[in-house]
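Both of the next two complexes hold subunit A, though its partner changes from subunit B to subunit C.
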Partner chain A sequence: MITTDAAPFPQAGRVRSFVDFYLTTMRTAVATQFQYRAANYFYMLGMVAEPVIYLVVWTTIAKSSGGSVNGITADEFAAYYIVWTLVRNMNVVFGAPFWEWRIREGQFSGQLLRPLHPIHYDIAYFAGWKVVVVTLWIPLAIGLSLVFHPALHPTALEVCVFIVAIWGAYLLRTAIQETIGMLNFWTTRGAAVFDLYMATELLLSGRLVPLQLMPGWVQTLANFLPFKWTFWFPIESLVGDMSTQSLLLGLGVQVLWIVGMFTVFRFAFRYAIRHYSAVGG
Partner chain B sequence: MNAIRVGWLYLKMGVLNELQYRVNFFVQVLQSLIQVGTGLVMLSLVYSHTTELNGWSESELLTLIGVQILLGGLIHAFIQPNMERLLEDVQQGTLDYALTKPEDSQVLVSVRQVRIWQIVEMISGLILLIFGLTRVGSSIGALDAVAFACSLTIGAFLIYCFWLIVTTGAFWLVRMEHVLELFEGVYQTGRWPIGVYPGWLKYSVTFLVPVAFAVTVPAEALTSRLHLGTFLLAVGFGIVLFAFTRWFWRYGLRHYSGASA
Partner chain C sequence: MVDPVVHVAGLTKVFRVPEREAGLAAAARSLVRRRWREVRAVDEISFEIAAGEVVGFLGPNGAGKTTTLKMLSGLLYPTGGEARVLGHRPSRRERDYLRRMTLVMGNRNQLQWDLPALDSFELNRAIYRVPREQFRATRDELVELLEVGDLVRKPVRNLSLGERMKVEIVGALLHQPQVLFLDEPTIGLDVTMQKRIRQFVAEYNRRHGATVLLTSHYMADVVALCKRVIVIHHGRILFDGALAALADEFAAYKTIGVVVENGAAPLDAYGEVLHREDERVILRVPKNETARVAARLLAEQEVLDLTIEEPPIEDVIELVFAQQ
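Up next is the complex of A and B:
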């Protein structure tokens, strides 16, 4: 009689192999991305242009209107937009438009055959990449600080909340983008929808300006949407003067949004793969 | 002259090819609407806190944004697609197909690709520009209009030179696709009058990445701010940069050994 040696995985082994998968994928990402330092720097420099423009514009306005705009001084703008650069780097996730490439090139078929949900690979790979990104970001942040003199005096608690919040922002933005990415199962022209999302995020997340500068109704609207928890909250937790209560409450709301968005993604994904037929692979 | 004929032929082929995908027109219209909408929101946000930015009124800045979007459309339609293709060809080794043709290689790599639907972006920029101008109120003389057309052409040409210089760098660096993000990021500096930027940035976006020449100078022509000296400087810089681009392209080619197509 032929028997196989393969025993079913014990429960502890499953958890271990899960952790192992994450660590290995992250290590691979670090090793890969460190080789493309120049490419990573090009990307980052292009990214930094955006906040520098906002910063310069608002500094000019602050200076011409007596030192501050709505009570925000030039140095505080500098702090906001320099912390912005780190948050933005943390916010780089597997983008929705790449789902089109993944489906068209047949990459997705291979991923479906694996025992793990494909989203774990995205989360792990981009999380590993952050190690490289943050390392490369440090000299840039020092340079920006020397030029723009940010007013930054965080407390220990604020630093702790910030560190948790940037990872929360990473997970939340992953969930949002992956959900939008599901549209590519139905159309090859998701670009317009994606642009609409980017514009909404730009205005309602605190990416363009600190939300305090927006008209009241925009701020109210932003309260009901997930976007401000990916930019405004992490930045403000470090730069602003939030009370302990609102800091912790903020983290709680972030967690709720993450759980909510991943639930939406789960349904969207299940619906999408029923619709999927393979193209090579 | 042969180069112009070849270029024209490629352009016609590219247009015919693109015209097959008509839905892309509507996608492009939507994208342009979003782009213009975001621009207007930013503008009204800034001017809700101030009445002038570095001496530019809201209507004048609207003209500037119009020029920036118009030129952006031009870049996206004619320059960027070619440079992306060139980057890809160097990576994949398929550049040999272009190099083995008898026509001048720089001409060939610059005219192979066109995204004609981006014309929608150019039109939306033009609409903003005209709308801004009617609100500025001052009449535009024939001389201003000619200066605008000339400086916009020079600007597009400068951007082309810049792009080709950077792309030629792929002969050594190979992986350069992030340069696209870098350019898009830096190009956004053109949305605001160049005077607001601190010195180091002002000179970078004037001479390193010629956004200032490409966007600010034409907009200055329209709002009657342009000095003859600035205009002549743009022309001179264009000639020098083109000569350098030509030399650098050939120098790069000598270093390129192909990667077996």
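Up next is the complex of A and C:
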């Protein structure tokens, strides 16, 4: 029978429960994506179109400039942009503009009612989604490699750092976009800020071109912003020739940015839900 | 003395909404100077609900019912006043609280749209940290009670509105909440489905001793489930008491159903004729004259049958709002 005494939330096995939640949500995401196999392949083809354009442009420029641009050869461009396709798929997150949809459709209310911060669902769901996209990515990467002949000879350490760095990029991008998403609690025009973010990211992350090709002052500016740790660093950790110290330092900086951005998100979320009007249900 | 499960004192919610006149000039003016209006959706309401009670929360659209439920479930931050449920302050959204309550909103889907409901149930098990054995027992019990055994394996998107509502309820109760906030749980459902859900809520309340606060525009839901009702209008509570007492307080009339030997006899002299079907006539008479009119009918007509009834609850509710 009911009493008003508070039954404590089970603390025993808290970590196990957390892992159980993440695995169950990831399984749910995989099962959902399997419902849309054809749509996923079209999505992947769309995702590959962007780097292939960059790749064709830079390869052509390199070949017409005596084999390289700023010391980057056509084969190295191929390696950069083929790894780019994996990094891009890995750092797809619950985007800031979708917060408006989530609120309007009443989905956010449902998530707020759960005894778990909504961010965990986003992280777990999109992590599960990666299992599907990475599986679909493999044949595309093989096809691109056969056509463009990438120069890719990573060491074991570089592979290990890359694996950690792409998940770091995923978490950092999640933290940034979720924080921007909080603007939807104050304004219905959060999309404008998101557009500014996307433009800045495009230029300062290594998404458009390898940062080595940017002017010096842009490279310096990029060092003080989080964007390069979501694209350039994971890609360079695998295709570049970074020292062990640079690789580990890069992971450390990534961790600092992740902790910093999630701290900002936490405060933003706390204030945002006070403004929540639950209009969508 | 046992603490109430729900304690609300002076609870208030004020929304600040932008407003402007129509037209381009007004749009341009609003760029420089935006006008705001304060809407008191819930205005200093107070009530308590004891453990195991099923209470109907009634009011017209925009009365403040859903806003109140959202504040009690922690979705909305109150502007003022105090709310405590199971000893928790809902706005703090503590995990211990959230796992002991549920809010079910009619026409709102919280299940995974593309997957069978069983997958969503499994996800809820993980979210609410329900031990697997308890989860299986509860799920099977709820599936049996709501007779959805053949539905939970279909993708949710393939279910009808009523079917979806039933599996939605299963998903919302898998963690065996002690407090149920039900916001229009039968909205849009056919009569049979409404009845099934009513029976289920009554059975869940009986089996688990759960406390229920229910809003519904279908008075059949309220009559079947709630001994007590709280009536809210313009954000303020108009009535809080037994459902049976609602008519006493607000209805100024009663209805007399009468069958006389000469079915065609005019009965306008006894009261307002509301309805005439075959030989049965329904009269509306002022409450304080009911006994006298009934006596006159018995004395002056050859009465075959006579019943005195409170007006239908729908009419009483309409009267309550009309008097405001």
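Keep in mind that, in the parts below, the second predicted complex is superposed on the first by the 270 of 281 C-alpha atoms of A that agree within 3 Å, B and C clash if a C-alpha of one lies under 4 Å from a C-alpha of the other, contacts with A are read in each partner's own complex, and residues count from 1 in each chain.
The rule we apply is simple: a residue touches a chain if its C-beta (ideal position, glycine included) is under 8 Å from a C-beta of that chain, and two chains touch if they have at least 3 such contacts.
Here the structure is a predicted model, which means the values were calculated and not measured.
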**Message:** Contacts for A:Ile53 in the overlay, against subunit B (first) and subunit C (second): which applies, first, second, both or neither?
**Reply:** first
**Message:** Under the stated touch criterion, which partner chain does A:Val264 make contact with: subunit B (first), subunit C (second), both, or neither?
**Reply:** neither
**Request:** Check the residue A:Leu152 against both partner chains and state whether it touches subunit B (first), subunit C (second), both, or neither.
**Result:** neither
**Prompt:** If you stack the two complexes on chain A, which partner ends up touching A:Leu203: first (subunit B), second (subunit C), both, or neither?
**Reply:** first
**Asked** Can A:Pro115 be said to touch subunit B (first), subunit C (second), both, or neither?
**Response** second
**Asked** In the superposed arrangement, does A:Asp20 touch subunit B (first), subunit C (second), both or neither?
**Response** second
**Asked** Now for A:Ile273: first (subunit B), second (subunit C), both, or neither, which partner does it touch?
**Response** second
**Prompt:** Which holds for A:Val255: it touches subunit B only (first), subunit C only (second), both, or neither?
**Reply:** neither
**Message:** Give me the intersection of subunit A's contacts with subunit B and its contacts with subunit C, in residue numbers.
**Reply:** 36
**Complex contact set, residues of subunit A against subunit B** = 36, 38-40, 42-43, 45-50, 52-53, 56-57, 60-61, 64-65, 69-70, 147, 189, 191-192, 195-196, 199, 202-203, 208-209, 213-215
**Complete:** Counting only contacts in the complex, subunit B reaches subunit A at residues 23-24, 27, 30-31, 34-35, 37-38, 41-42, 45-46, 48-50, 52-54, 173, 175-179, 181-186, 188-189, 191-192, 196-198, 200-201
**Prompt:** In their complex, what parts of subunit A are in touch with subunit C?
**Reply:** 1-10, 17, 20-21, 23-25, 28, 31-32, 35-36, 106-107, 109-110, 112-116, 273-274, 276-278, 281
**Complete:** As the complex stands, subunit C meets subunit A at residues 2-5, 15, 51-52, 70, 73-77, 86-88, 93, 95-100, 102-103, 105, 107-108, 110, 112, 114-115, 119-120, 122-123, 125-129, 155, 178, 208-211
